[in-house]
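Each of the next two complexes has chain A plus one more chain, namely chain B in the first and chain C in the second.
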Partner chain A sequence: MPRPGFVLEVDRSTPPVLVWHGEGFRLERLPAERSRVVYAPEPLAPLPDPDAAVRRALLEPLGDSPPLPELLYAGMRLTIAFDDLSLPLPPMRRPDNRQRVIEAVLELAAEAGVDDVVLIAALGLHRRMTDAELRHCLGDRIFDAFAPYGALLQHDAEDPSGLVMLGQTDKGEDVEVNRRVAESDLLVYVNINLVAMDGGHKSTSTGLMSYRSVRHHHNVRTLQHSRSLMDRPNSELHSSAWRIGRLLGQQVRVFQVETTLNNDTFPSQMAFLQKREWEWGVKDRATFVAASRGADALSPSAKRALFQAVLSPQQMTSVQAGEVEAVHAATIANLHRQQLVEVEGQSDVVIFGLPHVGPYNVGSIMNPILVMCLSLGYFFNFYIGKPLVRPGGVVIVSHPTPWAFHPVHHPSYIDFFEEVLSSTTDPLQIEKLYEERFATDEWYRHLYRTSYAYHGVHPFYMWYWGAHALEYASNTIIVGGNRRAVRRMGFKPATTLADALEMAEDQVGRDPTITYFRCPPIMLANVH
Partner chain B sequence: MSIRSDREKRDEWLAALRRPLPFPFGSPTWPASVARPKRRSVLGVNYETEWARRYSVRLARVAWTELVTRPLTTAVAQPSVEGLDRFKYVEAPVIFAANHLSHLDAPLVLSVLPEPWRHKLVTLAAADYFFDSKLKGAYFAFSLNAVPIERVRVSRQSADRAEALIADGWNLLIFPEGGRSPDGWGQAHRGGAAWLAARSGRPLVPVHIKGTGRLLPRGAKRLYVGDTKVTFGAPIVPDLPARQLVGRLEAAIAALADETTSDWWSARRRAAKGSTPSLTGPEASPWRRAWALGPSPKDGARARSSADQKRWPPRP
Partner chain C sequence: MKALQVDRTVARFAMARVASGLRPGAGGRFGPLRLVDVTPPDLPGPGWQRLSPRLAGICGSDLATVDARSSRWFEPIVSFPFVPGHEVVADAEDGRRVVIEPVLACEARGIQAFCSACAEGRRRHCRNLTGGHISPGLQTGYCRETGGGWSLALVAHQSQLHDVPEGLADEAAVLVEPAACAIHAALMPMGAAGAGAGQEPAAVVIGAGTLGLCTIAALSRFREDVTRVIAIAKYPHQRDLAARLGATSVAEPTELRRAVRRVTGSWIRDGGQLSGGAPLVIDCVGSAASLADALAVTAPGGSLVLAGMPAPAHVDLTPLWQREVSLSGAYTYGPEPAMGGRHSFDLAFELADAARFERLLSATYPLERPVEAIEHAAAAGRRGAIKIAFDMRGEKKIPPN
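== the complex of A and B ==
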């Protein structure tokens, strides 16, 4: 029986706690009697037979959807869209959930005699996936059956001939979707719901739409009013995505398949990363020392290559299919079963230790903008109710924050960092003065469409992702980061955690209360 | 001054050596607010003996039994055996149930049992005594193929384990008295052997051991050399409820004891009349019970000459 999440009140007998620091980790001792550590629930038991569960979900759908076989017929146009490589984190070992589900859907399509089947990676404005990444997500069988015949596509949000305008929502939001999707008799969307933000109508309204549509929910106003991004009823971003998704659903039949994973995030060789420190045995301590000392001895690129090669042993805990909203409600319930941690009250300071990988640097570099997005956009938003830190509190982040960018994956990030952030860090100003230019820049558009670059507007969205936290917290301190890079983003650099806590006292007073959110594994704090 | 300084330095150095290493090189401290989980002991009834029944270990035990256990036991206990023919044609597995006087009993039975029984035998041994340390547990699991059994309280784990062993084809050796005799007399039987027989449907073979209590009684500090006798009885088919089987087994072992001190025909007649002397001895004061057992081996030549003149059960 896995143990639920847990909040440890730090006392003098509490050992130092593990804090992620990019491609490495540190042991930090927190001040006694005023600190607490939030630990994630232990991994749930996976489904004993995931393939049977997938098949059952397709045959017994939720909501008012008929079973999938009843929606399949010879001569139809079937499109299967799937989440891109930003999920799950770290990438999971094969077989990926997407492979299991899509193979089951294709089995039924073959039985029904459907010939016109196209698979689309729902990239949204993310970079295109390489063949190796597609092969990893989908498995060899699917890749070899579809890719050579041009039936495995990647969504292109800038293809003028590949997009169709379906109309506007009652709030005036444009719904411009992938043409193949719009012209399909059935869209089967296959997702991995890694965090509560994913899934539902957001899958289609982000992954398969154009910049003209995505900008309606990916903007400073919606993100400042999404409290939190992980709590759909209180997220303005999701409200917009739901309106867009519902309009799409009126014109295209959507059969949603959502899956959840347990939080068995790291391989057994790195088991210490998921254990509570006082439960570390000799092996855990030895692997910690070896891994942290080994990582310290490597060059940044070697370290990155080593950490990026880690595949998670996460396994499927639930699968549900059918009508989008009914499916998503069941998915969120299953996700909460794994990730929810009850936390009492807020603190003056919150500490986040950022790992080596986030949604937008799989196989890439976590540049300073992604550090901001992962800490203030994701970690800060891993709450329901209210944030872990009080209004006007301080966020402390541990990450090396290198002044380094992947030139192929993040070209517009470089210009955003050099040009935009050097003039202002205010999201509203940035949106007003710069977004349009970057979003419509022909060179970025070209790189997005033909190379492996994120869309020109993507760094803006990363910055907006933290807009709620920027507005809410009084200061952000980055421990162990590149000082120039940290200052460029308007944050304060600190050499050690102790220094950062001293600096935080300037904002929140002496002896502040501290919450250390020990993530990963991913969890969601239900703050009362 | 310099000598004192050196001593101080040495003391500091030694103190540093004694100081526990800091985490993560040493063990972490345990937060006061977190309850320590109760660790499941790996000793006692939880001691895992599966390894002792691996083929390689079984081969090693055959060698150990033939080269060490049997020659030593034969040299010390000089056993004579009767009744082997009574279970010759019974199908394995069976449950051997013996009275218990001494630590010599299990190796003695192991030594006198013929093949194929000898090397397909598991001895159920007191978990609290034989498996209270890893070293002891490993020794007894290896040498006697011992398996821990709870004798202080009823344990489902012990019962299930024994039943699984029978299902795997292993013969069991059980001492239903639950421990060695404290005073040389037998003790009332507990229900474990009968329950296992009733549950598994396998026959009980009563065994009476005579003489080991004189060579290595409970609490003895040395081992004496002398004669012993092991008598096997006719198998008892478990066609009765376990409660009734207990009495039947106890009576069968008492009848074997009677047979040992008299003769088979007389013992059978007394058994038929229900007048077999009890193994538990006279209900009298402790000194009279001790007296009734006859001289101890410590009494030297007198004891050896009267070793077989046990006064209980009394000769007819």
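== the complex of A and C ==
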């Protein structure tokens, strides 16, 4: 029986705790009697036979949906859309959940004589996936059966002939969707619900729509009123996505298949990363020392290559299919079973140690904007109820924050960093003054459509992701980051965690209470 | 009287060149510039009068001279020893407060038959820089008979004098001469391609020292056909001033290509090459690197103006050829056809007042402290400064002849 997550109150006997620092980690001793560490629950047992579970989910759907075989018939147009490479993190070992589900769906489609089947990677405004990445997600069999025949597509949110305007919601939100989806008799959406933000109507209303649609929920107003992003009923972003998804559902039949994973995040060679420090054995200590020293000896690019090659042993813990909202409710319950940690009260300071990878730098560089997004956008929002830190508290982030960008993946990020952030870091000003120009820039559009670049507007969304935290916390301090890059973002640089804690006292007073959110593994704090 | 004088001393020029290679401005300590006691200059002829400088700026060309890094091109058109200083606000004998237009052309030289350029008012193109009744010297401050602004007295021909409007502070007036140069550069044509249909009529200004900032202000005030001004500035205070003076975008030198791409809607090709660029690029630095940068961001058929005094440079001119870029120098001033023939100095007075150029004067020094003054000017960017000048206002005036 895996142990639930828990909160450790730090005393003088507490050993130093592991803090992620990009492609590396540090051991930090936290001040006794006023610090606590939030640990994730241990990994749930995976489904014993995931393929059978997938088949059963397709045959016994939730909500008012008929079983999948009843929706399949010869001569129909079937589209299967799937989440892109932004999850899971790190990428999981083969077979990926998407492969298992899509193989089962294709089997049923073949039994029903469906021969017009198209697969679409639901990229939204993310970069296109490479063939190798598609193979990894879908498996060789599916890739080889579809890709050579033009039946494996990647959503293009800027293709004027590939989009259809379905109408507007009652709040005036445009619903412009992938044409193939709009003209299909059935859309099967296959997801991996890595965090509570994912899934439900957000899958289609983000992954298969155009900038004209996405901008209605990806903006400063919705993000400032999503408290948190991981708690759908209290998220304005999700309210908008739900309205858009429901309108889509009125015109296109959607059969949603959602899966969850356990949080067995790191391979056995890196088992110490999963364990609580006082339970480290000799082997764990030795591995930690070897990994830390080995990483320190490598160049940044070599370190990045090494860490990006890590595949996660995560396994499926649930699969549910059928009507979107019923499915998602069950998915969230299963996700909470793995990720939820009960936490009493807030602290003056919260500490996040960022790992090497986030949703938008798979196979890439964690640039400063992504550091902001991962810390203030994701980690800060890993809560239900209220944030781990009190209003006006301080967020401390540990990450090298290099002044470095992947020129192919993140071209508009470079300009965002150079031009936009050098003039203002206020999300509202940024949105008002710069978003439209970046979103309609022809070069970015070209690179998004033909190369492997994120959409021109994407860095704006990264910044908006942290809008709630920027408004809520009094200060963000980044430990061990490139000082110029940190300052460019309006944050404060610190050399050590001890320095950062001392600097935080300027905002929150002497001897502040501290929460260290020891993530990854991913968890969700239910803060009372 | 006191004056800072440049002598033709080979050993001192050699020392200055070596020292300034290690630290720009070191020529002030080891080079050919010395504080001397000299006889005030005589009036060379009719129409000349003696001036008592109030403020005299230190220009990039002065620094190049003191550091012995000027091009040898100037050798035949200067005469030693000379007193530098051509950015001058001064009191004339007749009580007027004036700035001088330092070019020493036909009229000042007493040449009755003007050359064709002077006949048309283009003194900067004068063919007689070595003729007439004074020694060779392209400008006041490089001619042995006229003296220069870095002293207590110089002489100037009436054709060189421009009255300073009442109300314009000396601190702004001393910026009028470089402002006139900047205006002349800013008013240069946009090139054969111009902005082109659908292309953003943008101008790029590389460098944000005195000349660059004045150019930005001039583009902003006098070029209605330029809607975007991209300033490339190395230091934070320069970026701040560039934005205040009218730059619509400000970027660091390493961000140049992307900054131009963003404004002009160009694409970046492999190797960082831009598909387009700006139709007008003004290089206010004059180094090989700045010229290469300027070439890289000039649009096909565009115009590249060299406003900063250049040094010998090795630059790949392939883009100039392949893109049919027009490369032109912008030297000094004169009647500006683009402004209905108004003189650059007239426009500069207007600009200096409107743009509050007194804020560009960062520090002044007495003549007795040339080493500190030169070092400050050479490191102006790094030290958060723009223009450094000598201040003679507290000095006793030299009596008239």
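The working rule: the second predicted complex is superposed on the first by the 528 of 528 C-alpha atoms of A that agree within 3 Å, B and C clash if a C-alpha of one lies under 4 Å from a C-alpha of the other, contacts with A are read in each partner's own complex, and residues count from 1 in each chain.
One rule holds for everything that comes next: contacts are C-beta pairs under 8 Å (C-beta built on N, C-alpha and C of every residue); 3 or more make two chains touch, one makes a residue touch a chain.
Treat the numbers as computed from the prediction; the structure is a model and nothing was measured.
Undergrad: Could you classify chain B and chain C on chain A, in the superposed arrangement, as clash or fit?
TA: Once chain A is superposed (C-alpha atoms), there is room for both chain B and chain C without a clash.
Undergrad: Applying the document's definition of touch, where does A:Phe288 land relative to chain B and chain C: first, second, both, or neither?
TA: A:Phe288 sits against chain B, while chain C stays out of touch.
Undergrad: If you count the residues of chain A that each partner touches, which comes out higher, chain B or chain C?
TA: B
Undergrad: According to the stated criteria, A:Leu433 is in contact with first (chain B), second (chain C), both, or neither; which is it?
TA: It touches nothing on chain B or chain C.
Undergrad: After superposition on the shared chain, which partner residues are touched by A:Trp443: those of chain B (first), chain C (second), both, or neither?
TA: second
Undergrad: Pick one for A:Ala45: touches chain B only (first), chain C only (second), both, or neither.
TA: It touches nothing on chain B or chain C.
Undergrad: Of the two partner chains, chain B (first) and chain C (second), which one does A:Glu418 touch, if any: first, second, both, or neither?
TA: second
Undergrad: So in the superposed three-chain picture, is A:Ala302 touching just chain B, just chain C, both, or none of them (first/second/both/neither)?
TA: neither
Undergrad: Report the closest approach of chain B and chain C over their C-alpha atoms in the superposed model, as a whole number of Å.
TA: 43
Undergrad: Name, in rising order, each residue of chain A that touches chain C in their complex.
TA: 411, 414-415, 418-419, 422, 437, 441-443, 446
Undergrad: With touch defined as at the start, can you tell me which chain C residues reach chain A in the complex?
TA: Residues 249-252, 255, 258-259, 261-262, 265-268 of chain C touch chain A in their complex.
Undergrad: Using the touch definition from the top, list the residues of chain A that touch chain B in their complex.
TA: Residue list for chain A touching chain B: 8-16, 27, 277-280, 285, 288-289.
Undergrad: Spell out the part of chain B that touches chain A in their complex, as residue ranges.
TA: For this pair, the touching residues of chain B are 23-25, 28-34.
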